[in-house]
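In the two complexes that follow, chain A is the common piece, with chain B as its partner first and chain C second.
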Partner chain A sequence: METVMGNGNGQATSGGRAANAPHSDLVLPYGDQRNDGVVQVSFTLPVAAGPLAEEAARQTMKLMGLEDPQVAEATAIGEEFTFFVGYGKLTRAVELSKLRVAAPMWEELDQAAVNQLVQDTLGRPMVVVGAATGSDAHTVGLDAILNYKGFAGNRGLEAYSAFKVVNMGSQVPNEELVAKARELGADAILVSQVVTERNVHLANLTNLVELLEAEGLRDQVVLVVGGPRITHALAIELGYDAGFGPSTRPQDVASYLAQEVSRRMLN
Partner chain B sequence: MRETGKQLVDVVTGSGVRSVAIVGTAKNVGKTVAMNYLVSELSAQGLTLGLVSSGRDGEAIDAFTGQPKPSVTAPQGAWVVTAEGVLRGSGSGLEIADVLGTQGVFGRLVLGRAAEEVALELVGPRSARELSAIVSKLLELGADMVLVDGALDRMAAASPKVTDAVILATGASLDMDLEAAAQEMGFLVWLLSRPEHPVDAVAALAREAVESDKVCFIDACKDTEQRDTQQHTTYVLRITDHPTVLGIEDLILEQAGDAAAVVVPGAVSQAFLDKARAWAKRREFAVIAGDAVSIFATKRPGVDLYVTQPLKLLAVTVNPVNWLGMSHDPREMVGAIGASLMDVGHPLPVFDVVSGEKSTEGVGGMAMG
Partner chain C sequence: MLKLSIDPKIVDKCHELSEDITSRVARELSSLSTVAIERTVARFAGVDGVTPDGVPLPNVVVNHLVEKGKIHDGVAMHLANACLALDKTPQQVAEMIARGETDLSAIEWQGTEAVTEKAREICQGSVDKIRARRAEREALLEELPVTETPWLYVICATGNTYEDAVQGRLAASQGADVIAVIRSTGQSLLDFVPHGITTEGFGGTYATQANFKLMREALDEESRKLGRYVRLVNYCSGLCMPEIAYMGAVERLDMMLNDAMYGILFRDINMERTFVDQNFSRMINAYAGIIINTGEDNYLTTVDAFGAGPSVLASQFMNYHFAKKAGLKDQQIGLGHAFEIDPSIEDSLSYELAMALLVRQLFPDCPIKYMPPTVHKKGDIFTSHVLDSNFNLVSVLTGQSIHLVGMLTEAIHTPLIQDRYLSVRAAAYMRRAAKGLGQNLEFKQDGLIDRRAASILNDTLKLLEEVSEKGLFAAITEGVFAGVKRLRTGGKGREGVFKKGEWYLNPVEEALRAELFS
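Up next is the complex of A and B:
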């Protein structure tokens, strides 16, 4: 079904958006003007450069749901591959009012407030164990959150008096992480993982949850996962308490951990 | 075409259980489809249902692949647990009866009753312990049957501490190679079917050992004059200081001495099984876990493996279509899985609730009508 597009705010009333918003409840990508739906895409096809490859590229864009697909650039890369940049129009809009987005259920706290809250709640620093688990060798994200220097001018958890941080680094087997968490009496476990379509990454994340369950530790830790494709929704499905995606700052994680641990003490 | 004879719903109602976990072997194997089938069939029989997820289910769009997903439909009168944060848009049909203590990123968990048929997103509690409490609560409120939707490939909902019985959902998303998928299912069903230790005295001590929350050994003290006869063997529990075997597998096994079994109250890892196997080469030695979901074996361990609380596996459901849309012939896939379970000595009825295909190979009392 093609969604009928109003220009500007033609359909705006149904969504329950703020009254002053000129936005439609139905939104399309912005190319040159509001709701023209124009997008730029880039991809590679395993086809030698030429007319056949370009037609294949146009058909690929059609399969993406793009109307009026145009190839703007076709570059041969190697003998049997072509890289494309194309333009096309999306005509199906996203309805904002139908989206369900999990709003974070905690407030942004500054460093002093986090330190104070953890001190008031636990009377000691919160023990946080972090690791990039399984086959994952990426530690940039984990280091950015945990290490003192932090990320984008926002200091890492090590800079807080509220946290005692143990960073186990990369390629840590889940069993080792669980054993370490038990040994240290961890209050929180931070796992970093770059998940892909390959089920192995998801399976590795759920395996950690199952191990913690089996060891009787699941209730005793705040379990957090972070990575480029992680959302809170996915984290909950995986059995984690929270999930942090790209552009997460250490302060976001610190605020969450402090408030979550305090909430649990109240329950 | 609807076949005669026993269907999945008959297996469930005929089992006498009050709570069933529907757990998956991978993502996109049709857990929610199997759940919705049971919801519809069981409520058509007049049963009041309780519905809860062990993670998150029924969301419109898959959080990972972005593909549309079936929503969970609660019939009128069903008791449902979900989070307040996902009730926007679907909350109108739910009369909130209680707010549970648990709070997560989607807000507090609420317990409600469907005033009318309502499509819902289910968000469950964070731990199996909380899930178990919720199942009990739903039964107390008057649910005749509680269905727990597992999340992804997580098995926590299948623990006997949580539910009475288990339906295992699998499909082409497990492995597009039919033979590989059938073999993997054979292994998984074998694992989840681990029984109690055949010697009653050992089984009783093992239950005691799990309660202690420490790794224990069960020593066999044989009567010196009648060494060969089992009835003259007495068993003694030896409790270690260790709550876990993780990371200290060797340390634990070095203390085994002449033990007939080691009882692990927590996770039984593949590393531990490998080492126990080497240990067991020289003597009779068994590994006993609390339940099958605490065993993290990736292959047959080569050592006797038992549990203190066996699972009750009711059936397997099969989704012959994988998440990319590639499909097996339903009959072929159902048949292959059924045959594989037969091969490992644990036959179970296998159903594709969408096409109506089923296999009851080797299952007593399941003859096609």
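Up next is the complex of A and C:
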């Protein structure tokens, strides 16, 4: 049995059911048995279909760290392009206990509990200003979180007595957002942002933090960013209090906001 | 054959109400023009290019007239007057304005009759050119016929026109019939059209005349190779609707996204600006033989799609009547809708079927554009592909005309090369596999699907009655559509709307009207 190294320094056995409970800290992809390491990949090479393309695909999979690469399908999708579906085995394991994961620290509360917590903390609704800033025209995510209707049966923040919501919509300049937050005495700012491949939107997110700091408002608001490519870790790095990625429900954001204001009041 | 039992009296009533609603808007706004329309007229007169600072010359001319308080006469009269007085072409006059060498308001008036005649003359060349481009498309369609329906429509969005051309040709070779180039984020809010070839965009590629030309040439080449004419689409929306229409017309684009209310609701563009620009841009599209695509899919993506049926239909009725008023033929009115009902709802497929067939049946001669699921797609590309498969089936079964191919990676990124290939192949498979299926099936009379369609139609009538009673402006103000409230006096681009003066002339509109309504 082959012994492999984790990305920590732990050791694991792989390739069989033997590597069970005692070493469950070390994980490999699961195909049809524990730690067989089987993964499925698909990709395109700018090479005309044929034996050369297939060999290039196998080598590509080897470069990914896959052993025993198999090309299951090679299809010409243009004169100079071949699409591959392939399988291979990973042998290097991840050691779970060595991993550090950033996630917002909050518990899930139901609507009544959120309303109660905000009432107990502030004695009034929390003022939440939301906007898709800069050149961003996408408001689907922001609307899903804020609007009464919500998302997938989970009511939006407008449905909570705990929140007074102002949704500024799309393509809002950071300056306008900050001015609105000041005018309304916002307790929280929710920014929706689609970060594109070219990362043009990151600068815009950073710019908002700088503006808030310059206006002396940064510490007075809970600053949250959400979007399909946002992670909590990225949000922290950019100077936000929390970040929410895909599949976030309004209840997640509501729970976080209520607990965060409460935590700040206690501190 | 699949057919819904619907009450023709309700349909007639919906048409009557929408005709009335849209006529009232048209009447109320007939005394208005906009800076975008005047820039378009300047382009018809041959004004093109940019200043050394990158300001488009049509903007220079129109801004100059606004500053001099003369815009209410229309750009054509002042350009024509200057051409006569200075013995220059409109382009030369525009360049002189840019250099600060002339003031159109200070040039001696050459006589109304002579100026009017000259105004018509300077715009006629572009009108003739558009007619020729239309004839060229008709000839190409004869030579390179497109035989299968629905047409498979895919999107390119690399930001770089050269790369779009590569991807567009590749998608066509993989089976796509229609290539749309998505615009750079936020272009709809620019009050000018960027100039020249562009290679940098955000989430899309800038719509410019040079980019249109390059893309059309690439697709012409591919069309010849495939023996099948590949259509090109862009976005005739936002603050420059009519200018983009002009550019699309002279560069022989084939379709334009061109909705009567989209800009108001989803981009917060001023209502009057949108309706006035919309009408003129549609006249240009009508004359150029372009198929417009309306954007009712947006109602389905912003609110819960299950309940949005009536607002989609009501908007389609109004878009249809606005379009007819601009001279578009039914065959040019690509009303839009989408497959967006939450798949966790029991019988969601039956509800989609009911809606798709209802739209198809209500507008039998319109090339209906059906858009794929997006809202309920997440990172699981395999499940997304399954969802698209159901969408493909409903589309073929109900005889939709323009099928926007759903992407399995919709929720993640702009399509990778293989995403487009897999999606087009799946749609082409369904087009083949279910080709005659709809012809051989019937619905159970008064069953789930019939009843669903009847209830949507009834609610549409109620909604149109409400809009008719309030008037469209007030209805939008109260948030009747997509829950979005807009004020008549609010929104972007309002400062660009002006009242036409006593001597106002738009010779392009005059010429198009004569051609379209003769």
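To be clear about the criterion, the second predicted complex is superposed on the first by the 239 of 267 C-alpha atoms of A that agree within 3 Å, B and C clash if a C-alpha of one lies under 4 Å from a C-alpha of the other, contacts with A are read in each partner's own complex, and residues count from 1 in each chain.
In the analysis below, a contact is a pair of C-beta atoms (placed from the backbone, for glycine too) under 8 Å apart; a residue touches a chain by one contact, two chains touch by 3 or more.
All of these numbers come straight from a predicted model, not from anything done at the bench.
*Asks:* Have a look and say if chain B or chain C is in touch with more residues of chain A.
*Replies:* B
*Asks:* Taking the superposition as given, does A:S42 touch the first partner, chain B, the second, chain C, both, or neither?
*Replies:* Second partner only, chain C.
*Asks:* Go through the superposed model and pick first if A:G78 touches only chain B, second if only chain C, both, or neither.
*Replies:* second
*Asks:* Return first, second, both or neither, reflecting whether A:Q171 touches chain B, chain C, both chains, or no partner chain.
*Replies:* It touches chain C, and chain B stays clear.
*Asks:* Enumerate the residues of chain A that count as touching chain B in its complex and touching chain C in the other.
*Replies:* Comparing the two interfaces on chain A, one with chain B and one with chain C, the shared residues are 197.
*Asks:* Spell out the residues on chain A that touch chain C in their complex, using ranges where they run on.
*Replies:* That would be residues 42-44, 75, 77-79, 81, 83, 135-137, 139-140, 143, 147, 149, 152, 169-171, 194, 196-198, 200, 228, 246-247 of chain A.
*Asks:* How about chain A: which of its residues touch chain B in the complex?
*Replies:* 98, 100, 102-105, 175-176, 178-180, 182, 195, 197, 199, 202-203, 206-207, 209-211, 213-216, 218-219, 223, 229, 231-239, 241-243, 263, 267
*Asks:* Please give the residue numbers of chain C that touch chain A in the complex, ascending.
*Replies:* Going through chain C, the ones touching chain A are 159, 170, 173-174, 185-186, 188-189, 202-203, 266-268, 301-304, 342, 344, 375, 378-379, 411-414, 416-418, 421-422, 483.
*Asks:* Along chain B, where are the residues that touch chain A in the complex?
*Replies:* Touching chain A: residues 26-27, 54-57, 59-60, 63-65, 85-86, 88-89, 101-107, 121, 123, 126-130, 151-156, 159, 173, 213, 243-244, 246-248, 265-269, 271, 290, 293-294, 296 of chain B.
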